[in-house]
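Heads up: the structure comes next, in structure tokens.
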Amino acid sequence: MKAKTAKESLAVQTQVVLPNDTNVMGNLFGGMLLQWMDIVASISAHRHCKRVVVTAAVNNVSFNNPIAHASIVTLQAKVSRAFTSSMEVFIDVWVEDRVSGEKIKCNEAIYTFVAIDQNGSPLPVPELIPETEEEKQRFESALRRRQLSLILAGKLKPENATELRALFIPTK
Amino acid sequence: MKAKTAKESLAVQTQVVLPNDTNVMGNLFGGMLLQWMDIVASISAHRHCKRVVVTAAVNNVSFNNPIAHASIVTLQAKVSRAFTSSMEVFIDVWVEDRVSGEKIKCNEAIYTFVAIDQNGSPLPVPELIPETEEEKQRFESALRRRQLSLILAGKLKPENATELRALFIPTK
Amino acid sequence: MKAKTAKESLAVQTQVVLPNDTNVMGNLFGGMLLQWMDIVASISAHRHCKRVVVTAAVNNVSFNNPIAHASIVTLQAKVSRAFTSSMEVFIDVWVEDRVSGEKIKCNEAIYTFVAIDQNGSPLPVPELIPETEEEKQRFESALRRRQLSLILAGKLKPENATELRALFIPTK
Amino acid sequence: MKAKTAKESLAVQTQVVLPNDTNVMGNLFGGMLLQWMDIVASISAHRHCKRVVVTAAVNNVSFNNPIAHASIVTLQAKVSRAFTSSMEVFIDVWVEDRVSGEKIKCNEAIYTFVAIDQNGSPLPVPELIPETEEEKQRFESALRRRQLSLILAGKLKPENATELRALFIPTK
Amino acid sequence: MKAKTAKESLAVQTQVVLPNDTNVMGNLFGGMLLQWMDIVASISAHRHCKRVVVTAAVNNVSFNNPIAHASIVTLQAKVSRAFTSSMEVFIDVWVEDRVSGEKIKCNEAIYTFVAIDQNGSPLPVPELIPETEEEKQRFESALRRRQLSLILAGKLKPENATELRALFIPTK
Amino acid sequence: MKAKTAKESLAVQTQVVLPNDTNVMGNLFGGMLLQWMDIVASISAHRHCKRVVVTAAVNNVSFNNPIAHASIVTLQAKVSRAFTSSMEVFIDVWVEDRVSGEKIKCNEAIYTFVAIDQNGSPLPVPELIPETEEEKQRFESALRRRQLSLILAGKLKPENATELRALFIPTK
């Protein structure tokens, strides 16, 4: 299976926040943004592996600033690292100033997808080749996040999480 | 501000998976479940603090088993710990066997909400009193998860994350 | 077929009134509440009989007070009586005061469901055992409502509707 | 206030049953039909009184035959009788045979609406003049249904429900 | 195949503009109106040919006046001309003044549909008989519009578009 | 007002066809695609003028091939020409082969938007500078389309539509 660059998995989504998408404060409803991110990230994961993919985990999403009604929101998703049959996807979300057109980064999220066959069994996926500085950084840190997930799920002992341990125990 | 029990924040949601909610495999679409969890968790957080709450983060969601079309899904949310103005909420998701009625646990998620005033500024929230064994365990581990978030956000140095360090460095 | 208690059929739904759910006055749109009630009541009927159920009738719904945008609405459904292959379900709707958390009863509705097989033919359902005072009262009055339906549908002559006649003709 | 004919309040709605509207059997979902009926009936009530109207009650809906996916559904609503500030509306639902084009009656429903001002207080509505045979019959029976509602709501004693009593006690 | 009158294909749709349907100005969102027109026009085309129909083209829609939130909108669709396997449908849209009830024409659109079999291959459709003055005018001009489409699609040379040429070149 | 390039107005949207979006044949429902195109085109028009924009017309959309359930659809919109206060926008739609990833062009549409102030009055918009060969071609033909619209709306006499006449009357 031929390895692929991160760039090849890029998926872009542009949305306008309509009344239908707002919470009781008149801002973009968190649950709606989670759904938009799930769709664009699943397209990115699909583009990497050309298989049916299903959401395996939402590893981290933070909502920093409220996104007002009528905002133009751009979501950009790219695979950050591929494991045996799973892919970690980063989603960056920008809001566009309606007058200057300037795009302000307002959210960052990490989702994990698994490639499956028609019976729902996992399928191998191609490796990912990071190219830009940011892609490389995300590729590196993906391993730490994976160890953390495995610890939290009780599938890895903290003492074996070498990448993660290094954060806490300075190597002499 | 009077502390409250976890039980007082319980919010329950029962849903049927309709065609509208399914992905291309005919199972519950991940993005839809994320949205359902956001709503039920925000009701739970609101019940704890009686303020307008907004989603601050999705800390961890894992999708273990596909949930088929026509399934009956029960979501149960309870605040697991309150910090100055934020609340961590656990959401447990069960699917009901259509014949035996047995409920099978199929997802677990952790969301964080912040209480805000009409200008969007954070407001203090009551403390949480865990009562059952599970509530106490989730209350304890909430601190570790919070330290982890702060490290990931660059707001806490790993060496000061005492709770988390203990996982990796055995105390003699 | 083993009879079941009303309690076993309880289904609970909690919703927030989002902009999407409001009418031109900014209150919860009647048609949306009817749809929410249909879903929660069908889950209750399903829990009683463990069969596919379809809505047979909406017998009575009254909308007393408008439910404002951003309200938290709790719907609770329980089977009130089972007939050969149909089940009458009561749905109680409460709105929660956003500050005190007090729940105010605002709607009451009665729906009827029929259990069906894959060809759409009716299937027998278990009997219902009422336990609380309210459950017993609703169980009793279900018979009068059924006679009334049959009269309205032209399937029962008023003079044979013994339960209902008693309301109008004082027994000496 | 000038009385109006039933015909002037006619509202017509034609819909196609899309996947989004179906239940787990692939037929039109009861809750969706209830919502469609609510919209078309509210338009009819509005046309009668030219005021904002809100749903006051769903008096009777029966679902006789399942309506299959892809069906063309026609809903027709007309005010059947006006009281001080409320209007009873009949909704007739037809399904169209996709080959012959023949319309088959499949549902009949009765909703009640109230005309309100901007504070939600009831407003008087014009009287209704029935013209056709069916309109006259529905106009007559509306009084019996209203007495029944009042009895069920505990606002009228059965012995004072003269119209309804007549059904059960033969006048000599 | 027996020719049919335009009247036989009439399809009517009445809608209320709910918050869900509005754009950032609080008026009916253009995309939503396009969707409503597509549904009502497809019903009209189906009524003409009694076959499954799919949208082939949107030839012309103009949005003249904004349609405010809470407006009552009536859409009326009728086949204007049938070709071998396609049908041109005119949709007229009216908004109703909420006080006087007067209907004001606010949009006019032309869609084209094709009748297809289960493999998606085109099927012949009956001819259309225009009766009223307006129906005849729309029937006549349909040919010019069709030539124009064919030219724009590069399937007809301008010099062979006799109907259309006549507009520009006065016949002596 | 500074003229802008076509490239600056580019808006991209990627969607997956979910069950909710399909017609009775299981393919993407025409009305849904019209709505997606309206949103992405309005974002493009907004990016050109930085004003609130509303849909003024849908000039031409053709649906060539059915788009199957589960397809990945990419919509790309760019302003093709700006007039005093209106902008013509081209939308190109591609479907992605799920295995090869190859994008196949399947639709092309032309929408017109108008920039408005808070009272709904038209506002001037910047001129458009076409750069690529395709952008130049679309810029040129926009004038012909505009003359055609004006003739169809009865606002321009065919003999004054110089650009359009040239198509039919060969210049000697």
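Chains here go by letter, A, B, C, D, E and F, matching the order in which they are written, and residues are numbered from 1 within each.
Throughout what follows, a residue touches a chain if its C-beta (ideal position, glycine included) is under 8 Å from a C-beta of that chain, and two chains touch if they have at least 3 such contacts.
This structure is a prediction, so every number in the text was calculated from the model and none was measured.
By the document's definition of touch, common neighbours of chain A and chain D comprise B, C, E, F. Interface matching across E-F, B-C or A-C places the copy of B-D, with more than half of contact pairs shared by residue number, at A-C. Taking E-F and A-F together, the chain pair joined by more C-beta contacts is E-F. Chain C and chain F have Cα centroids separated by 50 Å. Per-chain Cα centroids separate chain D from chain F by 43 Å. Separating the CA-averaged centres of chain C and chain D is a span of 19 Å.
Contact of a single residue of chain F with at least two other chains is seen at positions 16, 19-20, 23-24, 29, 39, 42. Checking each pair of chains for touch leaves A-B, A-C, A-E, A-F, B-C, B-D, B-F, C-D, C-E, D-E, D-F, E-F. Those residues of chain E that touch chain D in the complex are listed here as 11-16, 39-40, 42-43, 46-47, 50, 72, 96, 98-101. Residues 19-20, 22-24, 29 of chain B touch chain F in their complex. Contact residues of chain F toward chain E in the complex are 23-25, 27, 29-32, 34-39, 42, 52, 54-63, 66, 109, 116, 120, 148, 151-153, 158-159, 161, 164-165, 167-169. Of all the residues in chain B, the ones that touch chain D in their complex are 16, 18-20, 69-70.
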